[in-house]
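Quick notes on the structure that follows.
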Amino acid sequence: MNVSIQPALKSLQTAALIAVVAVVGIFVGYFIDFLITDNPEVSAPEQPIAFSHKIHAGDNEIPCQYCHTEARRSPSAGVPSVNKCMGCHNEVATESPLIRQVSEYWENKEPIPWVKVHDLPDFVHFTHKRHVQAGIACQTCHGPVETMDKISVHSRNNDGPTLLASTTGEIMNSETSAVAATQNDHWEMGLCLNCHKQHDVVDGKAVRVDDGGFDNGLDCWTCHK
Amino acid sequence: MPNIDRRDFIKLVGAGGVGVGAGVVLRESIKHPKEHLIPHVLAPEDYSSGVATWYNSVCSMCSAGCGISVRTREGRAKKIEGNPSHAVNQGGLCAVGQAGLQVLYNPDRLTGPLLQSANRGSDGFTQITWEDGLTRVASRLDVLRAAGRGNRIALLTRGVGGHLAELLESFAEGVGTDQLHHYDYDHPHALYAANERFFGKQHLPYYDLSNTRHLLSFGADYLAGWLSPVHHSLGFANSRHGGDNRGYFVQIEPRMSPSGAAADEWVPAKPGTEGILALGLAHHIVASGHYEGEDINEWKDVLSAYTLEKVAEETDVSESVLRRLAESFANASPSLAIGGDGAGNNSNGVDTLVAINALNYLAGNVGEVGGVIFNPDPAGATSHSRQANYQTLAQLAESARAGEIDVLILNDVNPVFTMPLASEFKAALAQIPFIVSLSSFIDETSALADVILPSHTYLESWGDAFPEQGVGFSIGAVSQPVIAPLYNTKATGDIVLDLARRIGKPMRWDSTEDCIKDGWNKIYQESDANTRTESFESFWTALLKAGVWGKKNHLKTDTSRPNANTIASIGVDAPTFSGDAELYPFVLQPYRSGMHDGRAANLPWIQELPDAMTSVVYGSWVEINPKTAKDLGLTEGDLVDIESVEGAVRAPILVYPAIRPDVIAMPIGQGHTNYGRYASNRGANPLEILSPLVDDNSGNVASNATRVKIVATGKHVEIVKTGGKSRDLGRDIVQTTGGDDHTAQTNSIPITVIPT
Amino acid sequence: MSFLDRITEGWRKNRKPGYYEDFDYHWAMTIDLDQCSGCGACVTACQAENNLPIVGEDAFTKGREIKWLRIEHYWEGEYPDVKLNVIPMMCQHCDSAPCETVCPVSATYHNQDGLNTQIYNRCIGTRSCAVYCPYEVRYFNYNDHTWESPLDQQLNPDVSVREKGVMEKCTFCIQRIRQAKDNAKDDGRRRVRDGEVQPACVQTCPSKAMVFGDRNDPQSQVSQSLNDPRSYKVLDELNTNSSVVYLKKVEAEG
Amino acid sequence: MHGEPNQLKYTDIHNDVVRSIVETGPNYYIALVTAFALTLICFFFPWFYQLYYGIGAAGMNHPSVWGTYLASFIFWIGLSHSGTLLSCVLHITNSSWRKAMYRSAEAMTLFSLVVAAIMVMVHVGRPWFIHWAAPYPNQMEMWPNFRSPLLFDVMAITTYLTGSTIFIYMGSIPDFAAVRDRTRGWRNTMYSLMSLGWRGTDTEWHRLHWAYTFLAVLIIPLAVSVHSIVSWDFAMSIVPALHQTIFAPYFVVGAIYSGTAGIVTVMFVLRKFMDFGQYITELHFDNLGKLLLVLSLLWTYINVVEVFTGFYSGASGETEALNYRLFGFYAPLYWEMIAFCAIAPLLCAFKSFRTSFVPMLVLSIAINIGMYTERFLIVATSLSRQYLPDAWGLYVPSAVEISILLGTFALFTTLFLLFVKVFPSVSMYEVKETMESPKKSPPAASEGSPA
């Protein structure tokens, strides 16, 4: 009579294989969905108007805060009101079809329903004001917006040294910028944590330090509410 | 690797497919929904997303006129706080004031004009346009006015102060009626009457609690409802710990109110005998030579009847206590006696309050700091002259029954709820051919309307207030809209102006704001030149910014010595009660709980605010003395009928340690039948069963003078309350210390300065 | 120094009384029971500021109300010599808080300002903190709460709305503290001025019975109020070392 | 040794046990289906409803935030102390009467632990985040709070679970081998996997015995620590009547007590429905009865101590809590507990009682009812009577809770029914150890009988 474990294992191989395939399948399916459906980290969502940050912030080097005016004085960076767009586009490129869309909204006195890309959970308190005033480049978290045609959450998977624009708008690279890009790839707590641990606030500006971050900056209530 | 045959392969493919499907479903199920960023079309200049903006305004939840600052974010009101620079409340605010937000955001608010298309009182209201609504009303009014029968038009509004009152006046003038009535259930008619008789002034004086050292409160729940509770609280706190020696507070009332709980001494005198007690003290003060004025003999004569023995036996307060109270009241300086609803709403109410005035006079508190101080005449109009007492409304009902009223315009007033059933007010309204309501809510009264033209809430509209009880000097404040109107409603003033225009009697203003501004322009002109700003506009902006205006002008009263026949008229008869003492053994005391006169009952925060004394939420109850409960074999939660001559209400028993055995008390405010989802069909309304026993001196119903009996129904309900066991079992949770250990308050309260 | 020594040293450091005095702020509150009339304005103010749900009558019947700040009533004696003592009870922000040690996921902890804080989105709802708290001031979300539109438009955007299964409690209106610090930074100040930040309850108290402030600053109102001979702590015998201090009610003879 | 086993042949044992696994009557299936259906209806459906609605589905409130879920948790943890702990002790003390019963006893341990673990999931408000209580590196850089007795719990229970699993598995390897050799088809496959190619050589036997004893010694302190730690969940709070040093021994004794009672019940069932009459005899009930008597006395003593400290403290909180427990709303439950757990077991003083099966069954069930009540009272009475009288409340379990409570038993039964079909529920080789070796050498070579 056979006491060895081998034959039993053999007879199970197919079953095991099927199980493995199924499990792998789940991950694959998840990832496929991750890629094809609107996921700001991979494919940028469709906006009501195909606004290009590349043209505005990149080619024409308009400073971020020219439109996102509230970033320096309010927790939320703010979306420019329609009449702000019209402010320029009364003169500029009035004939382009996209601008026509804008002016339609303006004439109907309707707001443009932009799709939110950078979305934090409701239990997170983030204030642009403090970070901007501390001299942290917008690109530190938002990535090289000035290179994006469609805005999308930036994850540093493949692109090399990110160009960081200082809050005043002039372009500089990660060495000279106040804050180098953090290592964390994803738009989650670790991203904030890294930075808060690596930096200290010296007279209002964020400075890189090696002995973990500044006093209140790591308290949960700094960011949670 | 096993050799995979065809069947295995199919299996594999199948498994893989199922897996992939599962994966997709999984992520789809946990994925965040898409959110939108909606920018302004044209951003207002004072707006910045994520940053709060504060607007100063005035609280209109009661007549105290506290200043408020409203916090708004993204164009939505988020929080109401007291305006620190407003002398009335100095930053404080009561619970109802806080809950004002829920008037604004109440899910039961009317969103547009309504027309009653079914028969009256039913909920057959249909939406109509403003144009339609206004024309319907205007045509009615126009017909009557043109026919010179404007007097068949009656206006009934809640107590409106300031320049809106003037606006209403001139509207009434325009349509040619003198039937303009302001109605607040808790308007202190008796107090006005008493002051007029004793001081010859139809005003509320300023009771300077914050500087008094000894307060005798005769049934005045000054901390939780009487006149200006927040200001009184400030005064109370300040008198306790503002100065170097601590004020002593005595509360004389048959049922312990929050003020009674906060007081140092609670004297449960027989209901209605407060005046007699006061005169007893007065007698002792005069007799023991604490008072030496040249009219002392007249006083001796009039008070001779009120010896301590007699008073003691009439009021059921021991002679020694009376003597002690009299002594400490006379010796303490300054001291102050106040008489509130508990004392005023009796058959002998006015006499009682006169007696209390006399007590103040004899103790030399009139016109003194820490005593009774007279406000200057308010800068803006006040509503007292137009305030309707029970008799007025009864007459209105009478003439309605007689068919002498064709149109009734209601503004945010609910007499059907607050008038006793005996007055048959509701039935009377049914006789009126056409009723318009300007209320923002459906309530018992506006449910009877044919047309409802919903008005803004006070947070959306212009107005101003000149607190009648005041702070000792001229003070007023403007109420400005803090957010854009939520719904298709109009400001009361604008509706009235529009109507006036439509009946061809346009007033001199084209909007409420205009009217208010106009009124303040006068005030600005009157203000003395050296304090005046360079232009009215700058004054106006400054006013809106500060949210309050005050003028340090003090009417140092000529302590107008009452003349001989005033003194001679002093005297309080034993109170009379409706109902036979044998059949109806208990005196019913309906008291104001958190819900004001019931208008706050539709605010969930107030419904969920545990009662200050009993921690009961949602619903009403009957308070009886433990001994009484024992005798009747009743325990907490037993459902009983409270029967008076006029009718019965049903509520559960709550054994209350601090109430006279011969008295039962019920809170006012619940028992609405048609007032939104939070208030309707909840609890009982004790006002229904009051008997229309009127004190002729004040013309108001003596709401504390109804005798009732308790009829057990055998049913039992659970009273919903937050408190567990309300005895501390020697655990020293609330610790106390002797009076000598008094320490001056370390946080200095801003004291309203009263230069003398 | 061995690894173990370092551990133990660190531990002692964190356990030594007055540990939080080393930090910037040590928020504390005093409540003068001789001035409190139990009117309940603070209760509503708290509800308005902190998005406390409208739980409904049924929840009250079940004893599931959520009131971060409640007024407790204690009757004394029998008619006619009867007294009512009221005391506002909210999270006492104990410096040695029983609730902090028991939370398995550190959802509640003591922060640098001496506040006993609760991170809602970290809470897994074991409810052990509520058991360990002797003041019974921790409230649990037994279900998701809804605000009937448009009541939801009143919700304070600076405070998150708690979901079912989460413990919540008084935070000393930490969002206001954060705002005050923010303003201080804008003005280039290092510290928040005394009286610059007031929790909703303190702000609204009609009789100014409550004082809130920084205990580390000897000049602050609250520090002075803490030295009042009438001051005492509720359940002090449990050594919770609470940051809410009450001033005894005075019983004077007329 | 004496008793029926002597009349047995080794083969009979094998036949009996294997039969109990292979041959399945309709009754078994009926039982299994019923149990499983009950589990679904009474346990899982209510639980899913609760996950959807929130803990509000249960009757808890403020201040009684803990309820039957925690009581059940302690109860099942307690029950788990029957098997492994007991069998370890007895193994080390070489009490041979253990051998016929310990396998199923250990199975009880396992399954009660599983149920207990599930009860934790039922108890917490957001079970979908329960993994945060486990220490693992994450991008939030958050660790669990190592000061928390609840975390001690997680650790202790997982360790205990692992320990017991290994223990029972290792103990059954030879029997798996035996079954393997007597089965065909998928069973054979399964058992050859489970028996890990056991041959029954002397080396294997040697190693097995060594490892087995080692584990036994290891598990005893573990088991004791587990329930001490569970008790700390309560004792470390400052709630009156919970904040007591006696709690750790109290819980341990209570645990073993209810566990032993549990074994009696299971023994009876096995004996009755799987006709193991010859293996589970009066002897076992007799010994278990003695054990019960001792434990009940211990338990009573601790209760007396608890009452005394409460009364002697004089502290308002303590006395009130005690008073409430003895005479308050839940008083009937308290006295029921005393009757069942302190008085009834005294019957075990009589051998005639101990050796009669049905009465012992009744007693054992009564004891476990009493023990559940004890756990419930610990939670319910103390939480509703704490320091601030104004915050006192009352807690009554809701329908969902009660249903889930019953459901746990169904769940347990289901698991156990599955067990008896997989595991040889009587340890064959150890029973054989209790018999004299047969005259002639055993028939089959690889039955793994000791040399």
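Residue numbering begins at 1 within each chain, and the chains themselves are lettered A, B, C and D in the order written.
Simple rule for what comes next: contacts are C-beta pairs under 8 Å (C-beta built on N, C-alpha and C of every residue); 3 or more make two chains touch, one makes a residue touch a chain.
Quantities reported herein were computed from a predicted structural model and do not represent experimental measurements.
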{"item": "Touch-network distance, chain A to chain C, counted in steps", "value": "1"}
{"item": "Chain pair with the greatest number of C-beta contact pairs", "value": "B-C"}
{"item": "Chain with minimal offset from the mean of all protein Cα atoms", "value": "C"}
{"item": "Distance between the centres, which are taken as Cα means, of chain D and chain A, whole angstrom", "value": "52"}
{"item": "Distance from chain C to chain B - Cα centre to Cα centre, in angstrom", "value": "31"}
{"item": "Chain C and chain D: spacing of chain centres that average the CA atoms, whole Å", "value": "42"}
{"item": "Residues of chain B whose C-beta touches two or more other chains", "value": "50, 615, 723, 726-728, 733"}
{"item": "For chain C, residues that touch 2 or more chains besides their own", "value": "65, 72-74, 109, 122, 235"}
{"item": "Topology of the chain contact graph, where touching chains are joined (line, ring, star, complete, other)", "value": "complete"}
{"item": "Chain D-facing residues of chain B, complex", "value": "615, 723-731, 733"}
{"item": "Residues of chain A that touch chain D when the two form their complex", "value": "1-5, 7-9, 11-12, 184, 186, 188-190, 193"}
{"item": "Chain A-facing residues of chain B, complex", "value": "1-2, 4, 8, 11-12, 15-28, 31-32, 34-43, 48-51"}
{"item": "Chain B to chain C touching residues, read off their complex", "value": "50, 73-74, 76-82, 89, 91-95, 97-99, 101-102, 105-107, 223-224, 229-230, 233-234, 236-237, 240-241, 246, 248, 250, 256, 258-259, 261-262, 264-266, 268, 324-325, 328, 486, 594, 604-610, 612-615, 617-619, 625-627, 657-659, 661, 677, 718, 720-723, 726-728, 733-739, 741-743, 745-747, 749"}
{"item": "Residues of chain C touching chain B in the complex", "value": "32-41, 43-45, 47-49, 54-55, 57, 60-61, 65, 67, 70-76, 78-80, 82-87, 148-151, 153-157, 200, 203-209, 211, 221, 224-225, 228-230, 232, 234-235, 246, 248-254"}
